[in-house]
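Shared between the two complexes below is chain A, which has chain B as its partner in the first and chain C in the second.
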Partner chain A sequence: MTVDLKHIGKFINGDWVVEDLTLTVNSGECLAILGPSGCGKSTTLRLVAGLEQTDSGQIFINNREVTNVAPADRRIGMVFQSYALFPHLSVSSNLKLGLKIRGKSAKEQVKKVSYILSIMQIEHLAERLPSELSGGQRQRVALARALIRDPDVYLLDEPMSNLDAQLREELRPELKRLILDRDQPVLYVTHDQYEAMAIADRIALLNKGKLQQIGTPEDLYKNPKTIFAAGFIGRPQINFLPEINGMIKAIRPENIIFKSEGLACKIQSREWLGTHQLLYLESNLGALRILLNSETSIPERAFISWNKSDEHIFSSKDGRRIIF
Partner chain B sequence: MKRLNIYILILLIWSLLPFLWQLVTSFSTTEAILEPFSFTGNHWTLDNYSQLLTANPPFWQYLINSTIVGCSSTFITLVLAIPAAYSLSKSNTKTQSLFKIIFLATALFPYVLLFLALLELARYFDLGNNLFALALPYAGLSLPIAILLLLSAFNDLPKDIEEAAKIEGMNLVQLLRWILIPLIAPATASTALIIFIFSWNEYPIALTWISQSDKLTLPVAIARIAGSSVYSVPYGAYAAATVLGSIPLILLVLIFQKGIVSGLTQGAVKG
Partner chain C sequence: MNIFYLLPALTLITITFGLPIIRYFWISFHASSLLTGLEYIPNYGSNWLRIIGDDRFWRDTIQTLRFTGVSVSIELIIAILIALLLNQKLRGRGVIRAISFLPWALPTAVMALGWRWIFNSPYGPIDQLLNLFGFASLNILSEPRLSWIGTVLADVWKTSPFISLILLAGLQTIPNDLYEAFILEGGTKRQAFFRITLPLLEPYILVSLLFRVAQAFGVFDLIQVMTGGGPAGSTESLAGYAYLNAMRFLDFGYSATIIVFSFIVLILVCLIGWITISNSKRILSS
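Showing the complex of A and B:
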């Protein structure tokens, strides 16, 4: 089972919200679509779902072209950011309704619903209305509704952005167990790079409707192909050094070390982060961030240095990585 | 808090006192009505009611007539207004605001100006003395306000819910049947009530379209009570008719009150 997007585009109000996007999600793979707000990631998902029509390109699910197929016939399971549960129906009716629409017998409906409720561990909520559930419980019901559909592809639109950090951490392994470990490809839209790195096999990074880079989380982190990718992935943010000869060098805060000699710096401020400390420095090359182990003692007169091999070098013209 | 209670009490007296007056009057003898503070002689009587109910046709006939007209006009209006409002909610803001202005202008139009033209239509199409036909102009006059109310209800529904339903495979009819109509039920209930009350109270069209005495609606029938005697105004019978005519409306409001007030979409989206 696969999803293929071939040169898809969406044009709204004189702008390409998604432009010439080509990517493949393989069987059993979770691809995170990551990017800042307004980068077109949700639109991409809605195009795959069929909730919006493409203005260019083709969409294939399981090698079947679905570009002009209605959402209902694309065999997709979608989880909305807002959950979008049917507010007037109980949890079990929420799950049953789709089965009923698709012509399943009453007996089969009951059987499937109780099975899904049990694997989601929400049997005790079966008769409650969505308004009587907590955020995490609503999230589970929304996942259950996508699961019970037994779709060819799962589309998750920021499924955890309405939950608090602790609940997100609790739900992540569960999401893996229930959906990500299945054969169906998963498209996971998020603006949170940590979530993308934690969950996805590969990440597609989008900016202003254009694909910046697609690859494993490690690949994106270690070999950012554009200035945008370098600046977006990794927290604290990468340091960009002043432009020289049409080249912009970048160095990650964790790659900088104190040395007995090197670039002289003044320490402006320090943030203690538990396992690490983040220092803000002022140097001839401008403001720099440096991430150190929290045990590291800070010298009085600071000199910093880094390995040449840790430098990322980009062209200032087109923002692309320069490979020597 | 105490002060607020006093204001509420004043408001209650202000709005309920006229009704209480009617109620008292309806159970009073003519002498008692004319001299409310003299306590000689017999004060209370059921005559006003028995007079109404034993008349030919009996008063409950008018109640039935008005109910028939009210229910049919409400039904016709909703059947037309729900799809109209839904399709308008799907169109762009420009189209929507244009139609909103048109409907608002129509809703505010003094319909009394129309009743002569309507009478001509009734004659031409032979719609006189037909309760179901009377529901047609009522539905027509109620449509603009009904569409406006239902449009805002549809616009308030979260878009995600409808999209989720589409992904579940619902076609338009299923979507309306299982999701949209249940979700706009509170707005539909209040809209229905407004239409029903309008047709319950409507006078000029009913007066001109209906002449057979057994087909009269309430307002016209009540007006005829006054014409029953040249020499006196039958206050008691009037009051009794008003009381009887109000009871169905009070019951309706009580029944639908819960549906109107409840926020059904609460908890649909977000945590």
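Showing the complex of A and C:
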């Protein structure tokens, strides 16, 4: 089972919201679509779902072209950011509705719903209304509604963004067990890079409708192909050094170390973060962030240095990585 | 302690609503007319007995119920259509919305005069048009079997916008996600209307029905201006009959009885409506 997007684009109000996007999600793979708000990630998902029509390109699910197929016939299971549960229907009726519309027998409806309720461990919520559920429970019901259709592909649109940080952490392994470990490809839209890294096999980084880079989380972190990718992936943000000869060097805060000699710095402020500490430095290369182990003692006269191999170098003209 | 915060509202309601209704209730158990010299003389419920045998009263009750039932039902259907239309992303939606609410903003007496002219025979546009195409004049307002339809039409024209305003507000609370989720489940737009829009609109429909039923059941000005209750009493409403008893027959005791009767009917209707609304609100609150 695969999803293939070939040169798809969406044109809204004189702008390409998604432009010439080509990517493949393989069987059993979770691809996170990551990017800042307005980058076109949700639109991409809606194009795959068929809730929006493409203005260019083709979409294939399981090698079947679905570009002009009605949303209901694309065999997708979608989870909305808002969960989009029907507020006037109980949990089990929410799950049943689609089966009913698709003409499944009453017996089959009951059987499927009780099966899904049991694997989601929400049998006790079956007769509750969505308004009587907690955020985490609603999300489970939304996942259950996607699961019950036994789709060819799962589309998750920021499924965690309405939950608090602790709940998100608790639900991640759950999500893995229930959906990500299945054979179906998963498209997972998020603006949260930690979530993308934690969950996805690969990440597609989007900016202004264009694919910036696609690869494993490690790949994106270690070999950012553009200035945007370098600046977006990794927190605290990478340090960009002043442009020299059309080149911009960047160095991650965690790659900088104190040395007995090197670039002289003044420490402006310090944030203690438990496992780490983040220092803001002023040097003649500008302001720099440096991330240290929280146990590291800070010298009075600070000199910093880093390995040449940790430098990322980009062309200031097109923002692309320069490979020597 | 907290009861003090209620006092201003409570006082106002007591003075403007509570006391008058209690007084009307009291008057309904008294004779008070020219014959009594407008004094209040207890008659131990004979006003209420009189109601039972008063054919004109029952005719007016039925006519009022008919007016209320028919016009509010038509208004609801039209209002849903208008609200659905105005909820679309149309070009010039603001202007269309403003125009569609104009009838509601007109004073009833003014629009009622307008409709009286529209139905005028032979000079009103309806009869003119009929004549032009060779049909006989309808002369709706002079025909006892049709006159009530004329008043219903005018009422529908005036108050549909009010319901559609409430329903439009309701429609805008329904997130688009729900429709998309429904379409993904394989539903059609038509099914979406019956399975999502209508159920979610229910509390709004009930609220507007409550307002409109209460208003229509007490209809007075529209009918007074359009037909004066005629011809032959065929459009007379309960409020009109109460008005006649007080102002023309100077029988205040009986007029009060009619008013208290309609009050009790309305209270019952509102109670049922209110209970239904709180049920559907409980379901939808999130």
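Note that in this section the second predicted complex is superposed on the first by the 324 of 324 C-alpha atoms of A that agree within 3 Å, B and C clash if a C-alpha of one lies under 4 Å from a C-alpha of the other, contacts with A are read in each partner's own complex, and residues count from 1 in each chain.
We take it that a contact is a pair of C-beta atoms (placed from the backbone, for glycine too) under 8 Å apart; a residue touches a chain by one contact, two chains touch by 3 or more.
Treat the numbers as computed from the prediction; the structure is a model and nothing was measured.
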Check: On chain A, do chain B and chain C fit together or clash when superposed?
Finding: clash
Next item on the list: Name the contact category of A:163: first (chain B only), second (chain C only), both, or neither.
Entry: first
Next item on the list: Pick one for A:84: touches chain B only (first), chain C only (second), both, or neither.
Entry: both
Check: Comparing chain C with chain B, which touches more residues belonging to chain A?
Finding: B
Check: With the two structures laid over each other on chain A, which partner does A:130 touch: chain B (first), chain C (second), both, or neither?
Finding: both
Next item on the list: Using the superposition on chain A described above, determine whether A:246 touches chain B (first), chain C (second), both, or neither.
Entry: neither
Note to self: For A:76, using the defined touch cut-off, is the partner it touches chain B, chain C, both, or neither? Pick first, second, both or neither.
What the structure shows: both
Item checked: On chain A, the residue positions that both chain B and chain C contact, one per complex -> 49, 51, 71-73, 76, 78, 80, 82, 84, 86-88, 97-98, 101-102, 129-131, 145, 149
Margin query: Touching residues of chain A toward chain B in the complex: what are they?
Written below: 49, 51, 70-73, 76-78, 80-88, 97-98, 101-102, 129-135, 138, 145, 149, 162-163
Next item on the list: Can you check the complex and tell me which residues of chain B touch chain A?
Entry: 158, 160-161, 163-170, 174, 178-179, 182-183, 264-271
Next item on the list: State the interface residues of chain A toward chain C in the complex, per the touch definition above.
Entry: 49, 51, 71-73, 76, 78, 80, 82, 84, 86-88, 97-98, 101-102, 129-131, 145, 149
Next item on the list: Enumerate the contact residues on chain C facing chain A in the complex.
Entry: 175, 177-178, 180-187, 191, 195-196, 199-200, 283-286
